[in-house]
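Both of the next two complexes hold chain A, though its partner changes from chain B to chain C.
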Partner chain A sequence: MAKKTARRKVSKTEEKNGKLSAKDRKTLKSIGGLAEGVNKAAFRGRDPHLEIPSRSLSNVRYNKTKRFIEMGRGKNRRELFNLSQAKSYMQTVLVGNGCRQLINAGKTTSIRGLYYLLKHTIEGTREETFDEQKDCDPIIEDVEVMLSALREELHLYAKNAGAMVGPITLVDSGDEIDCSRMGSGGYSIPSIAEPEVVQFKRHTAKFVLHVEKDTVWRRFNEDKFWQEHDCILTHGGGQPPRGVRRLLHRLHHELKLPVYCLLDNDPWGYYIYSVIKQGSINLAYESKRMAIPAARYMGMRSKDYERCGLSSSVTIGLNDNDVKRAKQIAGYPWFANKKAWQKEIDLMLQNGFKLEVEALINKGISYVTQEYVPARLDDRDFLD
Partner chain B sequence: MDIDRNIEGKGVPGLSPQATNGKRSPATENGRTRVAKSGTRRRRTTAQSMAAQQRNISVSEFFAKNRHLLGFDNPRKALLTTVKEAVDNSLDACEEAGIVPEIWVRIECAKGNRYSVAIQDNGPGIVKRQVPLIFGKLLYGSKFHRLRMSRGQQGIGISAAGMYGKLTTGKPVKITTKISVRKPAHYYEVEIDTKHNVPEIHNGRGEGVDIPPGEKGRAYMQRHGIEWVSHYAAAEGQTPKELRSGTRVTIELEGKFLRGRGSVDEYLQQTAIANPHVTLHYVDPEGQERTYERSTTELPVEPKEIKPHPYGVELGHLVTMLKDSKAVTLSQFMTSAFSRVSAAVARRICEAANLSTRASTRKIGRDEADALYQAIQQTRISNPATDCISPIGEDLLLKGLHHVVPGEFYAAATRPPAVYRGNPFQIEVALAYGGGNSVEKLTYEVLIELLGHSDARTLRQFLVNTFDGIGSDSADRIIKSSGFGSRQSPARMGPADIKSLLDAMQNVTLSEKQSMQIMRYANRVPLQFQAAGCAITQGVINTNWRSYGLSQSRGGMPAGPVTVMVHMASVWVPFTSESKEAVAAYPEIEKELRLALQAVGRKLGMYLRRRKRVKQEGERRSIFLRYLGEVATAVTEINGGDRQGLYEQLLKVAKRKTAEADTNLDSRGRAIVESDEDYGRNVLVVEQRPEDLLVGLAKTDDEQKQLF
Partner chain C sequence: MAKKTARRKVSKTEEKNGKLSAKDRKTLKSIGGLAEGVNKAAFRGRDPHLEIPSRSLSNVRYNKTKRFIEMGRGKNRRELFNLSQAKSYMQTVLVGNGCRQLINAGKTTSIRGLYYLLKHTIEGTREETFDEQKDCDPIIEDVEVMLSALREELHLYAKNAGAMVGPITLVDSGDEIDCSRMGSGGYSIPSIAEPEVVQFKRHTAKFVLHVEKDTVWRRFNEDKFWQEHDCILTHGGGQPPRGVRRLLHRLHHELKLPVYCLLDNDPWGYYIYSVIKQGSINLAYESKRMAIPAARYMGMRSKDYERCGLSSSVTIGLNDNDVKRAKQIAGYPWFANKKAWQKEIDLMLQNGFKLEVEALINKGISYVTQEYVPARLDDRDFLD
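Coming up: the complex of A and B.
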């Protein structure tokens, strides 16, 4: 009960402060539409249902001209009076209402925050609205696609992950930040990297070097690689989160900087490259704001074992799952007719091992910054 | 000398209903067929010579030879048989006298393996001069002499129990009997003179003693240690009513008291079920007192004696009957010797046999008799009068079963009377489903309660005695898996112990199926032995219970919390052997059993299907209901609408949606409408609380009840 009145208070206070942006008003309108749908169906004695664009593999396709993954027109029906859907229906409406509260309050929260905001015991039962955060996350994505509102438009963010350093000055939430003076940690890339939050001021960079992991990124930062080569250095802590992808996208499109990726030579590395370049299945509806079809793959390459003369002790054997994943990736439409990629994956399978970027340290602590990457840049030896 | 044959001869004067049916020829049947074939005149002389011989044989010798037939083959059974003989007599006596029976049974451990068994009734009492004969002379009874449905058919008589008592303990039978409030009661201590089969009276200088009515008598009894229940138990604040009459028999014998299958406990419980008009007080050797209250004061309809029916007569027997008959003409013979044969029927039979109705019975030879026999089989003769059978009736079956066996669903079916071999009989079946201290429903709190009430000495004993479907095997496994010692006392268990016991119970027994309990009865008397060889058990096994929603392996007993009672009532129950514990499988009996079992089975199936559906409905609705409130709240917070209005609207839609989905479709896709009348009559459904069927809903119950 207490929870309910508290929630009501939030909504009442906001109605009065009219400081809503145009974007916010648009999002509120679509949330209102969701509620209206339920209302109308109920009063007509109909079975209320929601139409949610399908986020499954079968509903994404590769757009050859745009060169990224797009979501199809497939929709799933979610019914209130369907035993297997009743609960997720209720959760969807709850998430809609939660976002409305955030927008009205002019606040943002993490997806974990929203989960806690909405989690309570259903009246008269011992059942929770959401048992775990992982019950809530996919519902948030459902709401995003259903209302075609971006996550930040719903006033939600994911936790920061990823760092940036380089000859660029930007403004983040009104604070001017010189990314060439960020010490050893770098600028922490925010999860919302929209122009409302982050504006680029000036830069002298010629390209962006995106590396997979924090550990590799530190090597490059310590060696001041970005100073020597005039580049922006980023990492995404493995699979780059939305904020990192969005920032890379903007650096590429707004500042016209080429993006080169230095990732591990394994299926996971290939997949990260695929996501940066073509977008992900899960976030296919965001591809146009995130995918960078012109990104290039710099390494590690399957041939590096020979080319760099690496010791067999730094290789990691492929397991069954790796082989399976590699074959899957080779079959992606955007890799399927790229001979170089097919050869690359084939060679890895032939090798029977994977190579991490860190393995290069075996040749010398700064081998990667002083020899490996400069050589690729000189030769323009990239995979598309 | 063959006393046994003599008994049978007396039991079926001039009739051999069981003569070989081709399939089975048990010893009895052969025995009796021989008697029948030998002819009346010869048999009479046999009877006379036998009477002469009787003086010479020692009754104890006879007894020793035949104890297995008489139910005294082992100490355990001897105790049971003694109780049985006395209780059967009490019930018969009360019913014949039109008294609603109340019976007190008390078994006390005398010393060592000696038990003192006392049975008292509120029956008519026994006139003074009969007492010594009834209790002190073997084979002195009234029931073998008539073709009538009675309990007595099964026993050998109370005097046999007295005899056994005397042989094993040397103690006489003690009888107290009273035929009216004002008249004196009689007290006898009697034993059989085993050499001459005559009673020997020990007390009152061979005359017994008379006890005056009223206070004086009570004082006398107290002085002499004569036990007598003088008053009925009364509700608090009411004056107890005095017993007007009754009989108390006390026999001391060597025996063995056990519980479980084939026990006195089982016999009394089953007797209470099949005799819902009796109130039974039972004190067992451990001093535990149990009372089975009557559920009706209606006495069974008094069965009548009948003449044999033509269909039940074998050719050889027919020849004998013709020879015996005093009738002059064939027509006279037919109409007087048989039931259901009118002059017209007799004429039709004679015509079919190509014989004159006026033919002399004396002149009917073997060939004519054969023709007559064939003609009888071809002629339509109406079934024998069935008022000689007194079925329990569907109503009372339900009451009796419900009273004693806990459950949630009961069904009963009494088949119309049918005839095997010219003997009218009737099959009745009643079924109880569910209930009991089912382990599945057991909660921690209930278990604590049960443990508190139990006076079992070991945990094992507690488990076996308290729960249906836990036998000693599963009890051992439960105890083992919960890590207790085999001699763990149920009294000394802490909360943690009880929790682990509960866990073990639920884990162990769930994987194990409880099999159906069958209670068999012949003329209201429980049959406790030889289950496998009994037509009733076979009938249950041969019924396809799977189609009624129970699981059953091929050729096996169905599984589930089900108790089935089957009653065969007949003027002559065909037993497979002398020990009279299993009903023989005549095709007519098998058919009636099948039909009766199917009738209750169908009703059970209907109930189980409905229960499953109601449960599913409940679950569906509860799932919708629990989310509607959340949806209504969220939506109206978004659009500022009226929450209650939207909620009610959503409920309406929910109700309609579930109602649609609830409609069952038959195989052709048409909606099946099942209403409560479908069960037909004679079904008892014990209301299950709706909460039991709904998951996880505590508060919204009221809402549900209102709306659905």
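Coming up: the complex of A and C.
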């Protein structure tokens, strides 16, 4: 009894704190619509069910006009009165309700937080709503795609990853942040980079340089590359998380800045580029808000071994998996017709090795910032 | 030939850019001393060797007066004219020289960067200086401990991890940063948090609340807990990296702020506390600059299941490894004589489950910030 009272008390406080933005109201309406659909079906004596767009590979296609990956129209039905679907039906409604709670309270949480928020023993049974977090995560993706709402709009966030520095001032959660005066660590890119959270105020940047790793980013920041070249410098800690992709997308579309990517010359680097540019298969339903078809690949290139006179000491031999992945990527519909990319991947396979951006330090501590990238910007030898 | 010219040119530029701090000069002197010792031995016709303090468990002890782990006096000899040691001797000198280059240039790099910087084929052989990064990393630790210089003083850094927010203004690399106006992501704690990089300017904080994970940190930041309670809020992304530990140490010692730790009720949480408080076995030589013997453990506690009326749904059963680790930790000399800790660990084993801080969301989205921690601050029921 004591437990229930405490829970009710907190919920009340939470609702008082809530401030609803236009987008929050829209998301709440979508969630409401979901519940209403179920209600209606029940009142008409029909079996309640949900229609969930399919996130399988077969329901994804490359849109040549828009130049990104998008989701097809395939849907799966999830029914309440179906023994094999009843639990996931219940879980879907539960996740929708959890997000509604968060939005109403004006608060956000992690996907682990949502799992803990919703986890309980179903009354009168010994059954848990979710046994583990991995039961909850795919349901969250179902709800995102069903409501066509970004995870961030459902008030859920991932770990912060990625940093930004450069001649741009923005407002994040009401705080004005001058990204040219952020010390050695830079502005930590939030996992929710929607316009409700982050607004661009003013800037004098001419382009965005996105590098793969924080170690490379740090070299560029320490050398104040962004000052000399009037650019915004970002990294995504490897495969950039949603917040970083969303921010790059907004820098490109709202501020009309070209985005150049400095990634490793290996299948993983190619794949990161592919995701930034065309979107990912898994998050195809978010491509329109994430993909940057006009992004450009600035290096490392397979020809850099010769072009930069690199030592064989800094090459890393391709393993079987690298070769397999390289061939897969070469076969992606969005790479298949690009001669320059086919040549690039062929040459890497021919070389038999990969090259990391960090390897350029072998030519001098600041070779990458003082020679390599300036030369690429001059010769404009980008891959599309 | 072209290669060599380029390398020389870059090196020149690098030296011009260098600005040497007092600490840099001291580190350079240590490295110089190392080289000189080798020289002297050679001129006297003796075999050049290095004396490297041993980093094995047997050379570590708990200092009851200082209340942290420190290194003993055990040393290992590394000789040039010894077939099994010649290569690691060469590598040690190489790492020392690489760090000298970095310091002279006034630049920093990652441990991967240093590996690439130093990697080359030894003239006249087919032997590489280092085959893989894992050959280089332990040599870096050898050099640190031999010179009694923090990795950061050698101009090497780890990944940035951890964030800070609160009523404190600091200067990082010349930029003034008001940590109360840093948006949703907070101030990204740099991996080099030495006074040369980060200076505290002013603050109105009464204590530091250190939480384990960024997801928990975010709840506290979103609820502006630090505003209501006049505290500095930090997280270390799990086991806090050196930069975070160093910053906590400085906040505690320079600003005289108590440090309270909110960690999971599991062996991993206990261990994190142990490292913050007494130092780690692996980095025992850095305890005096990292350990905070007066840090306090504020929760989660084994008794919270009862005390907070938590649902059994949010408990996680202990596995065999958890039980083993818990017993190991209970046996640490610095926990062995503490009745409260023995009771704490016993109760967890008796419970048969662990509790994550995130689980408190099950009691309400902001239960942790509005009820749990305020109650702990009131009742002052900390573990030492």
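Brief remarks follow.
Note that in this section the second predicted complex is superposed on the first by the 331 of 384 C-alpha atoms of A that agree within 3 Å, B and C clash if a C-alpha of one lies under 4 Å from a C-alpha of the other, contacts with A are read in each partner's own complex, and residues count from 1 in each chain.
The working rule: a residue touches a chain if its C-beta (ideal position, glycine included) is under 8 Å from a C-beta of that chain, and two chains touch if they have at least 3 such contacts.
What you are looking at is a predicted structure, and each value in this text was computed from that prediction instead of being measured.
Shared-chain residue A:Tyr367: touches chain C; no touch with chain B.
By the touch criterion stated above, A:Arg46 is placed in contact with chain B alone, chain C being left untouched.
In the superposed model, more residues of chain A are touched by C than by the other of chain B and chain C. In the superposition on chain A, A:Gln239 contacts neither chain B nor chain C. In the superposed pair of complexes, A:Glu123 makes contact with chain B only, with no contact to chain C. In the superposition on chain A, A:Asn76 contacts neither chain B nor chain C.
Shared-chain residue A:Glu176: touches chain C; no touch with chain B. In the superposition on chain A, A:Gln85 makes contact with neither chain B nor chain C. Contact with neither chain B nor chain C is seen for A:Ser30 once the two complexes are overlaid on the shared chain.
By the touch criterion defined above, A:Ala163 lies against chain C but remains apart from chain B after alignment on the C-alpha atoms of chain A. Residues 7, 11, 129 of chain A lie in contact with chain B in one complex and with chain C in the other.
The touching residues of chain B, when paired with chain A in their complex, are 620, 623-624, 626-631, 633-639, 641, 646, 649-650, 652-654, 656-658, 696-700. On the chain A side of its complex with chain B, the touching residues are 4, 7-8, 11, 31-32, 34-36, 38-39, 41-43, 45-48, 80-81, 83, 86-87, 89-90, 93-94, 96-97, 100, 122-127, 129.
Only residues 2-3, 6-7, 9-11, 13-14, 101-102, 105, 107-110, 112-113, 116-117, 119-121, 128-129, 157, 159-160, 163, 171-173, 175-177, 181-190, 192, 197-198, 214-215, 218-219, 222-223, 309, 311-314, 356, 358-367, 370-371 of chain C touch chain A when the two sit together in their complex.
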